[in-house]
Amino acid sequence: MTVRVGVVGVGNIGTSHALNLARVVSGSAVSVLFDADADRAAALAADLGARIVPTVPAVFQADDVDAVLLASPDGVHAEQLLLGLPAGKPVLCEKPLATTEADARAVLDAEVARGQRLVQLGFMRRFDPGYVQLKQELTAEGIGEPLVVHNVHRNTSAPYGLETERTLTNMVVHELDICRWLLDEEYASVMVVAGRPGPLTPGGQHDPILVVLRSASGVVVEVEAFANAQYGYEVVCRVTGSHGQAVLGDGAFITRSKGFARGVDLPELWLGRFAEAYRLQLQGWVDALHGGHAFPGATAWDGFAATVVASCAVEAYRTGGWVDVVLPPRPELYSGAAVGASS
Amino acid sequence: MTVRVGVVGVGNIGTSHALNLARVVSGSAVSVLFDADADRAAALAADLGARIVPTVPAVFQADDVDAVLLASPDGVHAEQLLLGLPAGKPVLCEKPLATTEADARAVLDAEVARGQRLVQLGFMRRFDPGYVQLKQELTAEGIGEPLVVHNVHRNTSAPYGLETERTLTNMVVHELDICRWLLDEEYASVMVVAGRPGPLTPGGQHDPILVVLRSASGVVVEVEAFANAQYGYEVVCRVTGSHGQAVLGDGAFITRSKGFARGVDLPELWLGRFAEAYRLQLQGWVDALHGGHAFPGATAWDGFAATVVASCAVEAYRTGGWVDVVLPPRPELYSGAAVGASS
Amino acid sequence: MTVRVGVVGVGNIGTSHALNLARVVSGSAVSVLFDADADRAAALAADLGARIVPTVPAVFQADDVDAVLLASPDGVHAEQLLLGLPAGKPVLCEKPLATTEADARAVLDAEVARGQRLVQLGFMRRFDPGYVQLKQELTAEGIGEPLVVHNVHRNTSAPYGLETERTLTNMVVHELDICRWLLDEEYASVMVVAGRPGPLTPGGQHDPILVVLRSASGVVVEVEAFANAQYGYEVVCRVTGSHGQAVLGDGAFITRSKGFARGVDLPELWLGRFAEAYRLQLQGWVDALHGGHAFPGATAWDGFAATVVASCAVEAYRTGGWVDVVLPPRPELYSGAAVGASS
Amino acid sequence: MTVRVGVVGVGNIGTSHALNLARVVSGSAVSVLFDADADRAAALAADLGARIVPTVPAVFQADDVDAVLLASPDGVHAEQLLLGLPAGKPVLCEKPLATTEADARAVLDAEVARGQRLVQLGFMRRFDPGYVQLKQELTAEGIGEPLVVHNVHRNTSAPYGLETERTLTNMVVHELDICRWLLDEEYASVMVVAGRPGPLTPGGQHDPILVVLRSASGVVVEVEAFANAQYGYEVVCRVTGSHGQAVLGDGAFITRSKGFARGVDLPELWLGRFAEAYRLQLQGWVDALHGGHAFPGATAWDGFAATVVASCAVEAYRTGGWVDVVLPPRPELYSGAAVGASS
């Protein structure tokens, strides 16, 4: 039996997901598409043998849609989730859950009110083979107790301009989530160190920027983010433990020697680095839909927590001091391995 | 529409393929299984919702089988292919095509006589993302004209004893194929240098062993094979070109520092290194079955050529001198991108 | 002509310096030794063809001593320098200049009062070929304008117990100096982030620890120090610039594959990593003594500045907040390439 | 006491040695210089406080010369050694000992006739810290019994044209010597595989070229030499043993990320890679001269053996087959740690 997915938003990432669901993931098909740009939705639908619908609710309500992939612009995620949840269909929503803490809270509350975990959030790094291996190192046989996590996150450039606050909410939020997941605990406080801006940084903004966090148990987490790094896209995560350390690199296969240098290529964009993570995320979601077991990825609670921490980071950036991260009690719904939904 | 695959042989690799076809590859299902051990076939069939049949011909002839995956013992590949080809169904056959040159020739002739490319041979390295990237380096923008290819191939141990001739036909054959593919030309001659055997090498055998080949255009290809290398499984391929060189490593993600050393883990077995290649090979095959286009992998001709070269290497090992590689003219069937079959 | 050096203190590092001066450095000899333990001084003197004297002043005043190497315990550096400076002989003093800011200031004032740069401080990393190459990257042809400097400093263990304040003044002080030298500017402020102590950290202490500094121009400098890191000795320095980044590693020559791992050895102690830096520091000092030109290494001002910043880091550790680094105006004596002394 | 060295030949390498002896090596000075170009000899002499003499014998016979550094053109090494040996002074002779086997034999015979080891040959790689570490790996605690040695040797370009036979005698001879030293045994046979020449290779020549040797005990030694490699200077040596392998790289300190690539610089020329080896070679020689103990480097016997093997490689290149390496019995003079000479 095939899970029929309705896709909302077919920009770059939505199209990539749709192609994966139709042609790479086992057990899924794309049945319905919606995009504000109906022409591009129609073109992709023709290619995939799907049909288009004129509204977002029509995707959620379609009889031939078992589950929904939400890849619309960040700013409408919350609104569309609130609109769609009553249909009771599982949703894989691209990160972030919402762009404000209030909106994220509204989605969380709506899901808790239904008493059913329908939303999986697209923090795809949790499926990256590298991060999965890194997490396996955090044991006595590996590096011992984790004590410091140092992250490097570089983008080649900031194509639509650069606002430091967006660097925190859109770029650093990946590390905020993945380090929660690595350490399996919440953050207690956050501080942002804004140094000298680079020559390519717009006036009044800061890039690179250093985010320092303390987890509930006191692990120090740093994120060195640089949105205009010029030299390429790069993600590094080094966990230092009580008895060793483990560093996640980029798994390059080819070392080239040419022109008096020997090294590996760096990609210009993130997509290549995490292509396999995206595939595995979708396969895991579809498998859960088939099997009736809990989604393996980030929950609405995880998405809410990431939004709260990113908001605290923004406040810390504005004030220059430490900001305590205060989360409400975690709803019971997210405590176990509750079944999400079945197809 | 789903390609229904019949699987012959469900040992380690056959089971791995069956699981991939049923649960990971998009567009395929496993419908029928055969194994000489009917119990293990039945157990896997129950798991996958497939049925078992009592003979190999029954797999090829089943109405609910669109294509066949052949993962039986090496020695029966040729016989089973000859038995199955008349059914006119596409076959993905684990390497090698045959264990003797005569058998390989018989399969090749049978396929040529039908005038249809039905067989794809499971030289999975051609689908490995690392080798694919390496091949892309062989251009003017990359390393220039390829001049020397140096391969390292290590197995941790030789579990069923070690015979040097089998090292050549079973282990080195991977490099024989992949370097033909990288260079896109045939070999002209081969020599084997048998040095001092290691302390773990059985009497009368040689391990490690060095195979040196010259391609038709004169590229030198070396393979340093070591079946009892002890330290782990490892494959390296370095292509030196007129203006640079490119080295294929293992794409490790994690570097660990512990106990006064910093480094990466090496696997004990080959499967992990090439898991992604196996998946992509199956997906590419299934896509070709859906699309009615040519199989993207090794053909029966490639399998025949690899068998011939491996035989020459065995002769070179026995005689100690250079042996010319003589292939018959390549049949017309293998010259273009002929359509293999449609689902 | 040979520079005759008197050596004060022949513990591990003093003995190493004396052997280098006698047998490895060109143009120097060891003529006089002093150590509180007269027996070990005598043993080394016999080996080197030197003589021993009973007091520190006797070293400075000896007719057959052209210059002094001070490798006594940290706590007496300042006192011995004040005692020795009136003799007007050049001194290479192991770091630190002093263990308190007041003592460091007293030495600085004494040297300024004489109007002659006699003291070179043994911050040997400035002579390490790796750091020298790293500094060369900080140009438009290299990585562009430096924006963030991230340092990793690991000791295998803290043999005499661990006090976090000593980690800052003895271990992190190396990064405090070398980053000043790399960036060629002073620090403006410093903060210390004390996370969860490791299981091997004594009660009430913090290890690992994160030091964050801002330079006068706003470059962010981080030092992740771990005195009980267990896995080995390691120093890493990564400078991220506006157009690229450069990382200083350890220059290992040998990669070993064994036991399912491939990697490099890490030393247990620092001496091996910086043996060449120590040699080059001594050779540079002796060359300056011969040539009548300025010492190439750290000055008393550099030593004073490092002590002040380390004190600020201690205060930041105690208070948990940012501490401004306030230095007096740099004395004119240290502004140019003033001649130190001639032999 | 200072060893006064007379230097014959002050081209690039002779000048480098002279500067090292005068300014970097402990315990030596340069007293006398000779070069066919008297002007350049005089210029360097003025710089070093040395004097020049008009003939090579005058260097050997000078009262103020304790030992001689021979850095004249390769073709006159043998003649000058034969001329100089009667003076009974130690000589450090740049490699090769001679350009023909007959000449090498004549020097060997002359030294044996004197019954005194006066000549040390400048195979500087024996002093390279990397090769020294590599040799230490060849034990049970390391990689086990050595079985295969694979060498890569690249020059950026062949500035004075390229003759394959000179590649063997001048470039590959470094590996011929260093692998003898690593394995501590002689070669039994050699073969040369000449593949397709690169587009920059002059007509009738072969580059790259593969040299394969068998040692007396059967270890396989390969050298992949490429004189016009374009991408930079590079030397790699990988020793595969019964229980692991060790690879000698270039010990780079700095990894740079820029322009969508991350890697290390490769030098254009060999001098930088082996600068430390040259220094340590000279210091070791001078220490032996002071200490009256045997020279630590290659002997005339080693130089003779390297010349014989290189000649065999040339013959193998011409004939295309295996050539046996036949050496006369090793003279008694080279069997122990005989004292060379004292200063």
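For reference, chains read A, B, C and D in written order, and residue numbers begin at 1 within each chain.
Note that in this section contacts are C-beta pairs under 8 Å (C-beta built on N, C-alpha and C of every residue); 3 or more make two chains touch, one makes a residue touch a chain.
The model shown is predicted, which means the values in this text are computed figures rather than measured ones.
Novice: With centres defined by CA atoms only, which chain is the most remote from chain C?
Specialist: So the chain farthest away from chain C turns out to be B.
Novice: Could you see whether B-C or A-C has the larger number of C-beta contact pairs?
Specialist: A-C
Novice: Taking each chain's centre as its mean C-alpha position, how far apart are chain A and chain C in Å?
Specialist: 44
Novice: Cα centroid separation between chain C and chain D, in whole Å?
Specialist: Averaging C-alpha atoms per chain gives centres 37 Å apart.
Novice: Taking the mean of the C-alpha atoms as each chain's centre, how many Å separate chain B from chain C?
Specialist: Distance between chain centres: 57 Å.
Novice: Among all residues of chain B, which ones touch two or more of the remaining chains?
Specialist: In chain B, 231, 243-245, 255, 257-259 touch at least two other chains.
Novice: Under the definition above, what is the set of chain B residues touching chain C in their complex?
Specialist: Checking each residue of chain B against chain C gives 156, 231-232, 234, 255, 257-268.
Novice: What part of chain A is in contact with chain C in the complex they form?
Specialist: Interface residues on the chain A side: 144-145, 147-148, 150, 191, 193, 195-200, 208, 210, 212, 214-215, 217-220, 222, 224, 226, 229-231, 240, 242-245.
Novice: Across the complex, what residues on chain D touch chain C?
Specialist: The contact residues of chain D facing chain C are 22-28, 129-130, 133-134, 137, 142-143, 243-259, 276, 283, 287.
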